[in-house]
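Chain lettering (A, B, C, D, E and F) follows the sequence in which the chains are written, and residue indices restart at 1 in each chain.
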Amino acid sequence: MRTLLQALLTPRRAVQAHCDLPCGVYDPAQAKVEAESVRAIQERYQDAEKFKTEGESVEDYRARCLGIKEERADLVKHHLWVLWTDYFKPTHLEKYPQLHELFWKATKSAGEAKKAQDPKQGQQLLDLIEEISKIFWETKAA
Amino acid sequence: MRTLLQALLTPRRAVQAHCDLPCGVYDPAQAKVEAESVRAIQERYQDAEKFKTEGESVEDYRARCLGIKEERADLVKHHLWVLWTDYFKPTHLEKYPQLHELFWKATKSAGEAKKAQDPKQGQQLLDLIEEISKIFWETKAA
Amino acid sequence: MRTLLQALLTPRRAVQAHCDLPCGVYDPAQAKVEAESVRAIQERYQDAEKFKTEGESVEDYRARCLGIKEERADLVKHHLWVLWTDYFKPTHLEKYPQLHELFWKATKSAGEAKKAQDPKQGQQLLDLIEEISKIFWETKAA
Amino acid sequence: MRTLLQALLTPRRAVQAHCDLPCGVYDPAQAKVEAESVRAIQERYQDAEKFKTEGESVEDYRARCLGIKEERADLVKHHLWVLWTDYFKPTHLEKYPQLHELFWKATKSAGEAKKAQDPKQGQQLLDLIEEISKIFWETKAA
Amino acid sequence: MRTLLQALLTPRRAVQAHCDLPCGVYDPAQAKVEAESVRAIQERYQDAEKFKTEGESVEDYRARCLGIKEERADLVKHHLWVLWTDYFKPTHLEKYPQLHELFWKATKSAGEAKKAQDPKQGQQLLDLIEEISKIFWETKAA
Amino acid sequence: MRTLLQALLTPRRAVQAHCDLPCGVYDPAQAKVEAESVRAIQERYQDAEKFKTEGESVEDYRARCLGIKEERADLVKHHLWVLWTDYFKPTHLEKYPQLHELFWKATKSAGEAKKAQDPKQGQQLLDLIEEISKIFWETKAA
């Protein structure tokens, strides 16, 4: 039997994605997942001594943090761009005129994440994605 | 105010991903999202006349279905492989001895999705991912 | 000695690109180059009998057209997205308030290019990129 | 009205690319654009204190320089290889017997750019691409 | 105990690869492996009725052949280009002046493989790679 | 005339690869080649002073080692995953029940290679691939 904790930990089944067929499957979770990874890397960078593998030097661990964060931030940008261009339609924009600006800020924030080692920056990125996500799910419910 | 429908449509916030830092962020949703896309493409392939863009020939639409499905199925495989190798630990395997076989079947099923145009095949893939997902969230709750 | 024709055929030396260092090098030519390829493929699709390699069937040639166009259109989207998020700043937007809408339309047009076999569609994509390019070079000259 | 400065800053419209359809669209600008980025990164590496983002350490900035330069140099190699193999024909080689050697040197120089932090090295790479570009546009004008 | 057949079927242990560190590890096997795949696809294309999965249409199977062959041929080109630019040195060229021409032909042949459905074409590609491989192993033995 | 040394240095001709057509071409050499590169990079990291290019700092050389090793280790994982899912069949598993565990360990070892600078770690990875390779060639000979 599934416990309440399991239920809380379990994501909704009908996750959503995309492709330019279009397949009609979209989900802001794809961007969020990579942004969570960005923030986690920023935390690990700050606390490298604790997180690094035994035998790995702090310098090497941090160099790896930077390289991997670069890739993850790129994925955030990509998933957000796809959502902006492919999912949202002119009728959505009428109802949510802030959409263009919101996506612009969120993708710029993902770009800044490459330079920023502070998890607060990653949290700001996650907050912007959360705003997008809220609108997204409102349009799906409409 | 958020409606119940919105609540049902809204995914849980704390989605999870991965990287080999490791960042500790994982989520079967990444595989599921692409598998949903695979099944949606199989449905569209079957009902091409209805789904194709105006002016697009059924033949061209189906050729695009095949090409895009190939990519999406590859992503399913990739996300599952990462989960299998990077997230699951020997202690998990002790508790869930079926893990190896389950991932083998699921990734083989993703490979078959490239050849199969029947949405039932895509559903089987989704069912296998659901089994993996259930175990994954049990281990997170443990 | 360089002839006038050569001069006309020769691109300007100081072409521009990008990366999120940032390196400060950007150029709409990257999107344009791929969009020219998209339109050329649409033309070849229409006139497959003439363009296909000897021994290649028209059906196979067209299937290849579709697959390659899909990739090239993706590159157009990518280069435009990078320009929108990385190059343009809030001060540019004040002066060119149409920027968001313009990039949205252009990237949507690149997405449509995957479904469209008519070179007129590719030309519309090129026209939108030309509008972006004009603004880009005005901001560089400012 | 377009100013002279704008005219000088504006690239020629008919830029060129490639694909193995083949689409017949090629342009050395693709390699040049990435090589400009390589040289710009080498300059920023030298003057990291000035170019780095506020709050970013010089060490981290330089580590990012190295990683990004690696990618950009790879793109230079790729674009040059495509030009060499796909655009140039035996008749071109008869007229420009130096082509093989020139491309070999240029792609080797792009490989060296990964190790070299001196912008002079990047300039040598750009000079080699300029030589290729000159021949390319002569063959187009022929 | 290993049988003679096993010995014949077993590849030499010390296979070789590359990277631009450089790591000093190269091996023409990487190109050969993809070219074997190209030829195998051409054979399957010819004999689609026999090779296709049950329930898959011949048209769909062939469309998949074309798409996958495109990718494999690209990998052949990539591995050959890397070998040409990164492994071979001016001293090798003095001893094997045919190197440039040989690589040019081989990579052009890989490009043609995208259009050609005849396994004889794939065999010609493999023969050219064999010539390169022979020279490569002579230089290693020198 | 081919010398014995050449013969020893020459790999077997019929190398094997893969694709999900499936083309039926597989070869553990693809994973081995990248793992050899991983170990070579670990050796160069240890002996950076000796291996680095003149003018390159030891710090920069090592940063490049880390970045490139990350990629090569990813390729090892990919090639092994493909072999596991695509080549091996249930009948193979009956005969070699250790297959799942072996691939799990080998891909986990490739993940550890990203963090480990000790060539002994790379050798362990190579040893695991060798075990897989041995089984692979036995199944081909069967």
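Side notes on the structure shown:
The working rule: a contact is a pair of C-beta atoms (placed from the backbone, for glycine too) under 8 Å apart; a residue touches a chain by one contact, two chains touch by 3 or more.
For clarity, every value in this text was computed on a predicted model and none was experimentally measured.
The set of chains touching subunit A and also touching subunit F is given as B, D. Among the remaining chains, F is positioned farthest from subunit C, on the basis of C-alpha centroids.
Among the other chains, A has the CA centre that is most remote from the centre of subunit E. For the pair subunit C and subunit E, the distance between mean C-alpha positions equals 32 Å. Averaging C-alpha coordinates per chain places the centre of subunit C 39 Å away from that of subunit F.
In subunit F, the residues that touch at least two other chains are 20, 63-64, 67-68, 70, 114. Under the contact rule stated at the top, the pairs of chains that touch are A-B, A-C, A-D, A-F, B-C, B-E, B-F, C-D, C-E, D-E, D-F, E-F.
Residue ranges of subunit E in contact with subunit B, taken from their complex: 53, 55-56, 60-61, 63-64, 67-68.
On the side of subunit A, the complex with subunit C involves touching residues 20, 70, 73-74, 77, 81, 84-86, 100-101, 104, 107-108, 111, 114. Of all the residues in subunit C, the ones that touch subunit D in their complex are 3, 5-6, 8-21, 23-25, 27-30, 32-34, 36-37, 40-41, 44, 64-65, 68, 71-72, 130, 133, 137-138, 140-141.
Within the complex, the subunit E residues that touch subunit C are 62-63, 66-67, 70, 114-118.
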